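Shared between the two complexes below is chain A, which pairs with chain B and chain C, respectively.
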Partner chain A sequence: MLLLQLLVNGLESGFLYALTAVGFALIFGATRIFHFAHGATYALAGYGFILGERLGLGPLASLGIALAAALGFGLFIEGAVYRPIERSRGAFFTLFVAAFGVVIAVQSLLELGFGRSYVVVSSPLSRAVSWNGLYIAPLFWISLCTALLLFGALALFLKLSPYGIALRALADSRFLIRTYGLSERRLARLAFALGSALTVPGAVLGALSTGLTPSVGAHIMLVSLTAAVVGGIGSMPGAALAGILLGLTETLAVDVLDTAWSEASGFVLLFLFILLRPQGIFGAELRR
Partner chain B sequence: MISYLVDLGQLVAIFGLLAASLNLLVGYAGLFSVAHAVFFGLGAYTAAHLALAVSPDLLLGVLAAALLSGAASLVFALPALRVRGEYLVIASLGLQMLGSTVFTEAQGLTGGYGGLAGIPAPSLFGWTLESREALLAAALAILILAQFVINRLMRGSFGRSLMAIRDSESAAESLGKNVALIKTLAVALGSGLAGAAGALFAFQESFVNVESFTLDQSVLILAMVIIGGAGTLAGPLAGAALLLLLPAALSFIPHLPPTEIGAVQQLIYGLAMTLLMIFRPAGLLGRSEGGG
Partner chain C sequence: MPQSHAWPRRPLLAGIAALPLFAIRRARAEEPYVLGTLFPMAGPNAEYGTIFTAGAQMALAHIAEDKMLSRPIVLRAEDSQGTPQGGAVGMSKLVNVDHAIYVLVGFTGVSKAAAPIAARAKVILVNGGGVGPDLAGLSPYYWNVIPLAPDEIRTIVPYLASQNLRRLAFIYINDPFGNGVRQSLKAELAKVGGSVVIEDAILPTDQQFGAIAARIRDAKPDAVYFASYGAQQAEIIKQLRDSGITLPLVTYSGANIPSVETLPEAEGLVLTTQASALSSDDPVTQRFVRDWRAKYGTDPTAYNQNYYNAVRLFALLTASLEKAGKPVNGDTLRAELLARRRFPLVGGEGVFDDLCDISMKIVVNRVEKGKLVPLT
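For the complex of A and B:
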């Protein structure tokens, strides 16, 4: 029974990780930018929601603030940080250091605004209901449905909409995109907008269930990176699957080992994958 | 005031050595790592245990720490031989998180958050280095020696092969360079020097715990190298001095509530990192455009 309960908990965080990781994979697939500050987007969205709740704006308006924060930040970092660096040199490491600087700055801003400790939005949705001896909060069903709904919508968008097709084409060949007269720049912005928006459900549900600290961004960054690598860089189904896997690993590690090892267990997985199968579950051979 | 300056000088010397050791990997070998604090920590714990249980000899501690960290660096050399670029950064990220967890959890060896306290003052050739100034001199001597060795190595055949591998691995390989061996040696040397810096750090603080060896520390070391200028001899030292003086300088800002100093400092540090990468990606002392 404990195992089943842990499975449920693992799935709940797994779905949210999956959404965030898919956002990361979407951005990387289309722009070839390793968006190390993806976790900061998550943190800003979560705190945006908390801010809305504190001001007493109601859940819908708070959700709007969260979405606006995520979109605004995603587009800002694309335009103000990544774009100038890409243009001048494109060295990935310069990008990494710049993005990490942004992560640190965002974290300290949140600390100045909200304090260092955990902030939770209390809600009846996080109260667990006993169901055949299992304790399942309504949040579990909400995250399950949100994840499935968004994955479905994203798949349809990428498959059918002209913009979605253009995004996939951009991942394949930048040259052909230019030949067809499409703007690489606008598509990159679209990828950043979509990818950043995908952090919102995870961030809001995170604020409702476990709560957030300003340093949550670093954790989410690690989760997205791990999921992206384990799933195969740029593969969205891979990232989704790996995100769920990661949630399960973290929770099940609590059962087998100690709580302190639960986060580390994800990194054992990551390290093994990089050593043994760097192309990930679904990835093609490395091109470097 | 003098003792404050001496303490600051010691930290600059220790972190200068640490940044120089990471520069060996990042600047000369092109191996980007955010796990350097792990090897720094291994060295510190080694020296602390030796000083507590065997003898507080400075040379013994530094050498043992360097050897152990150098040997342990195989865990970083392994992914470094397999993958490059982003993948290596991510692998090192995983390594760093594992390292922090082990440092926190293996309480028998590291004391966890409680750490190892009461490390005695080091001795050198039978003299006890009681005064802070003496330890500063010792740290500076080791730093100068390390810089001298790095300089000689990088001008010699080893350094040239290393930089050739950084710039084009297949070209170097086709010229008959043993890529795997040279990379492994560079990693071992860089990590060994980080271990030596760890030993000095343990003696300087006379207390070590896991908080000095986290991801934040790794990123700070990396920032020192990058901000100073990777692949230059003086860059990492300048970066270390600059980033260590920043908190001291900030404490002079009036009307800043002391509880917020940490966050404001982090904010400036983060923004500085980002702006520098946008406007001067080669670092303050680095050659701009072209090389690297």
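For the complex of A and C:
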């Protein structure tokens, strides 16, 4: 029963990780920008939801605020930070440092606006109910349905919609995008908008279950990055699967190892992939 | 020959030459005393930094109002991030760049990292927040104005035994503080025939506790004792309750912060704290409580009180040294503390032992509707 309970807990964490990691993978895959501030998008979305709840606007309007915060920030950083640096042929490291600065600025702004303490939205949805000795919260089913729905919708969008096909083309060759007269910039903005929007469900579910602090983005970024590498850089199905795998690894490790190894086990997984399968689960084999 | 009224040349030149020396002496007399703070100001433990600093700032305001010292005091802040590494870096800067002579510190790991640096520079380090057992006598220049964890454990374990809660699940941060609490808890439990039936070491960065809840449910203990700090405490409480753990949750004074006490899931949480000073009728306490309520609209916490006391202690010691015409440094401050031992502080008379640690009464409380209600 303990193993089954850990499996349920692992899946619940894994769905949240997967949703955020897919957003990061989408942005990196399409634009090749290492969006280090992805965790800050998550934090802003979560705090946007909390703001709505504090103002008594109800869950739907709060969700709208979270979405607006994530989209606004994603488009802002693409247009005001990454684009000017890329225009002046800034190196990868310059982009990284700029994003790092933005993360710190966002954290400080959240501290000023909401204080430095832990915040959470209390909801009956996070309270587990016993089901044949297994404790499952309604949020588990919500996480599961949201993840499946969004991954399905994203897969269909990328496969069938002209914009989705263009996004995949952008990931393959920027030169071809220009040859076909498509706007590289508009597609990059679309990638940022979609990638940022994908943080919203995870952030809202996080605000309802684990709670948030202004520094929550750092942990989320670490998880997204690990999932993106394990899944195969730029591969969205890979990132989703790796996110779930990470959640399961962290939780199931508790059954066989000391609890202190829980978080480290995710990085052991990353290390093993780098050693044995550097291209990740679904990544293409590297050519020398 | 008429007598010349001109000034003798040599004394005049000597006087002019000595003028800068007077200027330097005067400038030195107005040089401020530099106090440092080494608190977590960002990250998941930043709430403590805000609380600690607020207590120190109110003491500074009162010292200035009362004109207790001949020189002003300036406060230099360094962010320890709540980590030993941050503590060592911050302490080096406070000592070598800011030339602080008296530094306020919190957190066990930070204290242990900063204490050797302070001892080498003979700078006084005063702890009002960390409770790790090995903070007692860390160095001659390290003082505690807070009772340490063994005092809290010695109070809570007999209480739990009286409630027939002897088999405990124990969650602790795997750092010097958590390991110290673990040692004390096991030793005290053995005295009352109790034991730790399951223990989980966690990292300060851990955020998921659903798996631990599953393990606890499996082990069927009487209660859960956790030793963590900062935002993580609220995460533990919420996730244990959300996972269906209805057992009594027990902890130490680290949970005496608003974000924990006002958490709906923390209703019924049992925690030890130093005895409340709010009802004390001495003028120092009354003024502190009155001004605190006027400024913040809430009652001060024990941490606010401790850091107020730490700064007030500096002013009381320095005022004595100034009166005696002695220099103010780590050695003279320590000698003065050991010579006097008793000081009028918030909460009544503060009495220090040979290790420069204050002694205080510990009480067991329960969180009821966001407030602490004393049980003992």
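We adopt the following convention: the second predicted complex is superposed on the first by the 280 of 288 C-alpha atoms of A that agree within 3 Å, B and C clash if a C-alpha of one lies under 4 Å from a C-alpha of the other, contacts with A are read in each partner's own complex, and residues count from 1 in each chain.
Everything below uses one rule, namely that a residue touches a chain if its C-beta (ideal position, glycine included) is under 8 Å from a C-beta of that chain, and two chains touch if they have at least 3 such contacts.
Because the structure is a prediction, the values reported are computed rather than measured.
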* Putting chain B and chain C onto chain A via the overlay, clash or fit? -> clash
* Partner chain in contact with A:Glu263 - chain B first, chain C second, else both or neither -> both
* Of the two partner chains, chain B (first) and chain C (second), which one does A:Thr210 touch, if any: first, second, both, or neither? -> second
* Identify the partner contact of A:Leu60: answer first if only chain B is touched, second if only chain C is, both if each is, neither if none is. => neither
* Is A:Glu250 contacted by the first partner chain B, the second partner chain C, both or neither? -> second
* To do: Go through the superposed model and pick first if A:Ala137 touches only chain B, second if only chain C, both, or neither.
  => second
* Taking the superposition as given, does A:Gln107 touch the first partner, chain B, the second, chain C, both, or neither? -> both
* Between chain B (first) and chain C (second), which, if any, makes contact with A:Ala98: first, second, both or neither? -> first
* Just one of 42-50, 204-212, 222-230 or 276-284 in chain B hits chain C in the overlay; which is it? -> 204-212
* **Set of chain A residues, in rising order, touched by both chain B and chain C** => 107-108, 111, 258, 260, 263
* Structure fact -> Within their complex, chain A touches chain C through residues 1-2, 5-6, 9-10, 12-13, 107-108, 111, 115-120, 122, 126-130, 135, 137, 209-211, 213-216, 219, 250-251, 254-255, 258-260, 262-263
* Structure fact -> So, in the complex, the side of chain C touching chain A is made of residues 42-44, 46-47, 49-50, 174, 200-203, 205-208, 210-215, 217-218, 230-231, 234-235, 238-239, 241-244, 257-259, 263-265
* Structure fact -> Within the complex, chain A is touched by chain B residues 26, 32, 78-79, 82-87, 89-91, 93-95, 97-98, 101, 104-105, 215, 219, 222-223, 226, 260, 262-267, 269-275, 277-278, 281, 292
* What residues on chain A touch chain B, complex-wise? -> 34, 81, 84-85, 88-89, 91-109, 111-112, 218, 222, 225-226, 229, 258, 260-261, 263-264, 267-268, 270-271, 274-275, 278, 286, 288
